[in-house]
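Each of the two complexes below includes chain A, the first together with chain B, the second together with chain C.
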Partner chain A sequence: MPFISVDFALFVTAVLLLYYIFPKRYRWVVLLIASYVFYGLTGIENFAYILTTTVSAFLGAMLIENKGTEQKKYLEDNKNKLTKEEKKSYKAVIKKKQKLILTVCILLNFGILLYLKYIDWSIAYINLFRLTYMGRIDFIPFKNLLLPLGISFYTFQTMGYLIDIYYGKYEREHNFFRFALFVSFFPQIIQGPISRFGELAGELYKEVDFDFSRIKSGFYRIMWGLFKKLVIADRLAAYVRDAIALRETYKGLYILLAVFFYSMQIYGDFSGGIDVALGVSEMFGIKLAENFNRPFFSKSISEYWQRWHITLGTWFKDYIFYPLSLNKGIIKLGKFVREKGAVQFGKRIPIYIPMLIVWFTTGMWHGSQNRFVVWGLFNFVFIVLGTEFEPLSNKITQELKLNETGVMMKTYRVFKTFWLMSFLRIFDISADVPSAFDTFVLIFRDWGSFNIKFVYENLSLPQEDFIVAVVAIVIMFVFDLIQRRGSVRERIFKLPVIFQWVILSLLITAVSVFGYYGPGYDAASFIYGAF
Partner chain B sequence: MKKAGNKIINIISVALKVLLILFLVITLNRIFMPKYVHENLDGRITQEYYPQAKYSDVIFVGSSTVHSAVDPRVLWEEQGISSYVRANASQTMWISYYMIEDAVKLRKPEMVCLDVTFIKYGDDFVEEPSTRKSLDGMRLSSSKIECIKASMGPDEKMAEYIMPLFRFHSRWKELSLDDFRYAYYNKAVTFNGYLPDEEVDPVEEKELVYTKEGDTEISGRNLYYLNKAIELCRSKGITVMLFKTPAHSSNWSTDYDDQINSVAKEYGLTYINFDEYNDEIGLDYTADTPDKGSHLNTSGAVKFSSYLGRYLKDNYNITDRKTNDKYIKNWNGIIK
Partner chain C sequence: METVIEILKGVHPEVDYENETGLIDKRIFDSFDVVNIVGELMDEFDIEITAEHMIPKNFNSAQAIYKLVKTLEEE
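Then we have the complex of A and B:
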């Protein structure tokens, strides 16, 4: 069932009715059943994957906790019998066992994810190796496996939970079915956000009263998400596709426009989908983590990544970056380099090596093609350059007596960050790394040949659609500007009822009328004539 | 007491909000649906039936040949028969069945005359514009939903029929003042389903010879819905007549007549292929057709309707409404 479809809307309506009809303490059961029905509709065979993750994480957490309890009991029973060293070594043994359980669970779950996502990528390289070095042309066939719905999201979320349990961050969920809901909660399973157990569990299992204002607020958010997705993102998709495919013919500004539109498209698509997920959850009285915070207003790439796909960024930070920064081997390496005289370089090792790994992994997460890895590494390079040249940049600002906090400077930084990130996204819309570079180079050619007529007529964005897209992008921009001062919806709800209705009516009309969906209308085919 | 009062106010307020949204959505649907007021009038046949349902003693069901050949005004004026034509372009047998089911739910007619011309097309016949014109005007009911299921093509979606806005929203680029003017337009543009055509485009070959060859067996789905329609009418005590509207089209085979005759025989019904009565009717396909014999024009329709009215009067017991004031008033309105 696609997330943005009438079927999904009907499904949510039915689940909402059941949810509020059921007694409060059983409402989470309705959500669990709904989540599994939703998941089952995507293909019954997918249950095997999500159940493996759910059962293994539940058992893993249970075993880790049991080891902790065992340790506690043993130490208490032998409080006076054991020496400090004996206690320490006992604790080390237990920790080792807990680590083993954690490792097995992580290997199993990420193993499944890696296998499904990268098996064909690996096969391609094995085939290339065999051909190049062994001259073998009996290629290993691709597996062509389909990724089960949301596997990246629920695997990351569940493994985050297990790591937190390992570090004793919070107590594990003892009820298997409640835990199953945490893993499978349907509004967030397709594209996140990646929730933390500490935040989501309280929301999922709390007993909420029916409140129409929540339904209303959720509805507004869903409609806003649909506006971004259907009116902006889906409308621009064809232009971006065609302009990149025909880049040899339509160079320069056509490509620059495609790069700009792709930024709007991906933001509208992803943040719009997240708005729908959060709006649906809100209707159930469940608050999910925000995943976007007006990212196009970021003044640096580091800031951008704190405002774009926030929950993935914090996941990588908490579960990869920090543990690696504190890794004994990396710390030792830094110390070694410092002792060898490269003090500044040595100091940066515990930061940059984990960061490099994070960006490599982030690239891999986005897709099983080299271009995503290169994209990730470029992000790393830009962040490092930004950090390293910050003192120089500050110095230039001071020398030129520029106002660091002034509007001009802020605008310049926002502009620079936006375009840097937009150019990096060329990897996203290109077939491979060489064509991404090729596209980038072509941006700077033939600006004089730009004719808006070709955009309308040859590149799948007719004039009327172009105007709608531009107006919608301006509305999105203004919305984000207003949001700087707090929730836009809360502001709307403070307006007189008549204005609220006007806004809601306009939103419904904009989405249903200007949304880019359906088969299109060909008046000629409706002319009476075919008997 | 105050608490209960607040609760009621809350419920009323929520209900009002839901109604307002509903009104907005319905209005958007009506604005964006193609208007069949100045052209493509066949798109209005289904919806214009409802105000006429209580006066429709006889319902003619079938495809475009019927709505261009049966003029209910002639039947009324000459025989006092009050009828409606529920026949759209390319109306398949399954749509015809649901047209009857939908009509019967509203008011039981005395007689259903079911045209079989379209039975020559196969089970997989799908033509979205025609299905749309037949169904967009149908009121929402289980019959409509079942009819959509039976009629839509593999790429079509149920939601687009329930909410035509989903299908027609991209018309925003071509909306005209008419789309707003006729959004809630209720005046009839057809004559109880009849669509007059003044054009004359004579046939080239005067003699009618059926030339359809190859597979001339009525397909399973056509046969199924034909039987279903007859059984529905029988279960409700409605008289049924099967007929083929006259046309000068070679795309027919007497094999169809034989098969329909055997169905009619099984149920004790009459089946008439009016092509065989061209001389009695007085049809002249050099003057009575707008499209080389595929349909009848106004002069043909008058001749056929007159003949049909006499036939029905002579062979079936249909109430003469010429003495009923309500009917007279209604028909005066239609004819005016």
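Then we have the complex of A and C:
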């Protein structure tokens, strides 16, 4: 069932009715059934994958907890018999067993994800190797496997839970069905956010009273998400596609415009989808984690990544970056290099090596193509350069007596970050790495040949659509600016009721009238839904 | 406590660790320093410091770091 469709609207309405009709203590059951129905509608065969993840993580958490209980009991029973050293070595044995359970679960779940996502990518390389070095032309056929809906998102979320249980961050969920809801909660299954058990569990299982203001607030958010997705993102998609495809003919500003529009498109598409997910959840009284914090106002690439797809970034930080960074092997390597005299280099090893791995993985996560890996590595390089040149940049700012906190400097940094990130997205819209570089070079050619008429007539963005898109983008940025000082919806709800209705009517009208339903319209699919 | 201060002095010898309470907030330590200090602490005290401990509150002063070490040693 597409996320943006009449069917989905009817589905949510029906689930909402059932949810609030049912006694409070059973409402989570309604959500679980609804989530499985929703998931089942995407393909019955997908159940096998989500059930494997649910069952393995549930059992894994149970076994890890059992080992912890066993340790506690043993230490208590032998409190006066064991020496400090004996207690320590006993704890180490238990930890090792818990680690083994965790490793098996992680290998199983990420193994499934990796297999489904990267098998064809691997086959392509195996075929290339066989052809180049063995002269074999009997190519291994591609598997062409379909990725089950939301597999990246629920796998990351569930493995995050298991790692947290391993670290003893919180108690595991003892009820299998409640846990199944945590894995499958339908509003977030398509494209996140990737929630943490500690935050989401309390929300999912709490007993809420019906509150109309919550429904209203959620509805506003859904409409705002639809505005971003249908009025902006879907309208710009055709232009971006055509301008990149015809880049040899339409160079320079046409491509620059496509790069700018793609940033707007992907933001509208992804953050719009997240708004829908958060709005739907809010109607059920469930608060999901925010995934965006006005990313285009970031003053550095590091800051940008703390404000774009926040839940994925924090996932990588907590479950890949820190464990690697605090890994004894990497720390020892850093120390060894420092002791050999390369103090500054050694100091950086426990940060930069894990960061490189994180960016490589982030690239892979976005897609099984080399261009995404290169995109990830460019992000890494830019962050390293930003960090290393920060002292020099500060010195220049001081020498030139520029006001570090002034509007000019802030604007310059925001502008620089926005364009750097936009240029990196060329990898996203190109077929491969060479054509991404080719597109980048073509941006700087033939600026004089730009004629807006060709945008309207030859590149799938008629004048009226162009105007609507630009106005909608301005509205989106104005709202983002207002949001800096707090929730826009809360401000709206403080207005007289008549104004609240006027704003809502305008929003509904904008989505219905200006939502893009023309050629290439595909409200059902989200760019991040494919990840 | 002395060992903790010794480790900290190995990274930033100029800091008055007895009185300084804003090692992170005042950006005296950067992320490189913190990770390297954590490495030294894990090595010296045979403790496991994980992502959840990596919060400014735990590294703002020598006292806070010492408290973290003691808590982890008792676990």
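Convention: the second predicted complex is superposed on the first by the 517 of 531 C-alpha atoms of A that agree within 3 Å, B and C clash if a C-alpha of one lies under 4 Å from a C-alpha of the other, contacts with A are read in each partner's own complex, and residues count from 1 in each chain.
We adopt the following convention: a contact is a pair of C-beta atoms (placed from the backbone, for glycine too) under 8 Å apart; a residue touches a chain by one contact, two chains touch by 3 or more.
Because the structure is a prediction, the values reported are computed rather than measured.
Chemist: Which partner does A:R413 contact after superposing on A: first (chain B), second (chain C), both, neither?
Modeler: neither
Chemist: For A:L326, select first, second, both or neither according to whether it touches chain B, chain C, the two together, or no partner.
Modeler: Second partner only.
Chemist: Determine, for the superposed model, which of the two partners chain B and chain C contacts more residues of chain A.
Modeler: In the superposed model, B touches more residues of chain A.
Chemist: With the two complexes superposed on chain A, say which partner A:P350 touches: chain B (first), chain C (second), both, or neither.
Modeler: A:P350 contacts chain C only, not chain B.
Chemist: Return first, second, both or neither, reflecting whether A:F212 touches chain B, chain C, both chains, or no partner chain.
Modeler: first
Chemist: Does chain B (first) or chain C (second) touch A:E464, or do both, or does neither?
Modeler: A:E464: touches chain B, not chain C.
Chemist: Tell me which partner A:R307 touches in the superposition: chain B (first), chain C (second), both or neither.
Modeler: After superposing on A, A:R307 lies clear of both chain B and chain C.
Chemist: For A:K335, select first, second, both or neither according to whether it touches chain B, chain C, the two together, or no partner.
Modeler: Second partner only, chain C.
Chemist: Where on chain A do the contacts with chain B and the contacts with chain C coincide?
Modeler: None.
Chemist: Along chain B, where are the residues that touch chain A in the complex?
Modeler: Touch residues, chain B against chain A: 10, 14, 20-21, 24-25, 28, 32, 34, 39-40, 42, 63-65, 89-90, 127-130, 132-133, 155-157, 159-160, 163, 165-174, 294-295.
Chemist: Spell out the part of chain A that touches chain C in their complex, as residue ranges.
Modeler: Those residues of chain A that touch chain C are 88, 167, 169, 317-319, 321-323, 325-326, 328, 331-332, 334-335, 347-348, 350-351.
Chemist: For chain C, which residues count as touching chain A in their complex?
Modeler: Interface residues on the chain C side: 31-33, 35-36, 38-40, 42-43, 46, 49-52, 54.
Chemist: In their complex, what parts of chain A are in touch with chain B?
Modeler: 6-7, 212, 462, 464, 501, 504-505, 508-509, 512-515, 517-521, 523, 525-528, 530-531
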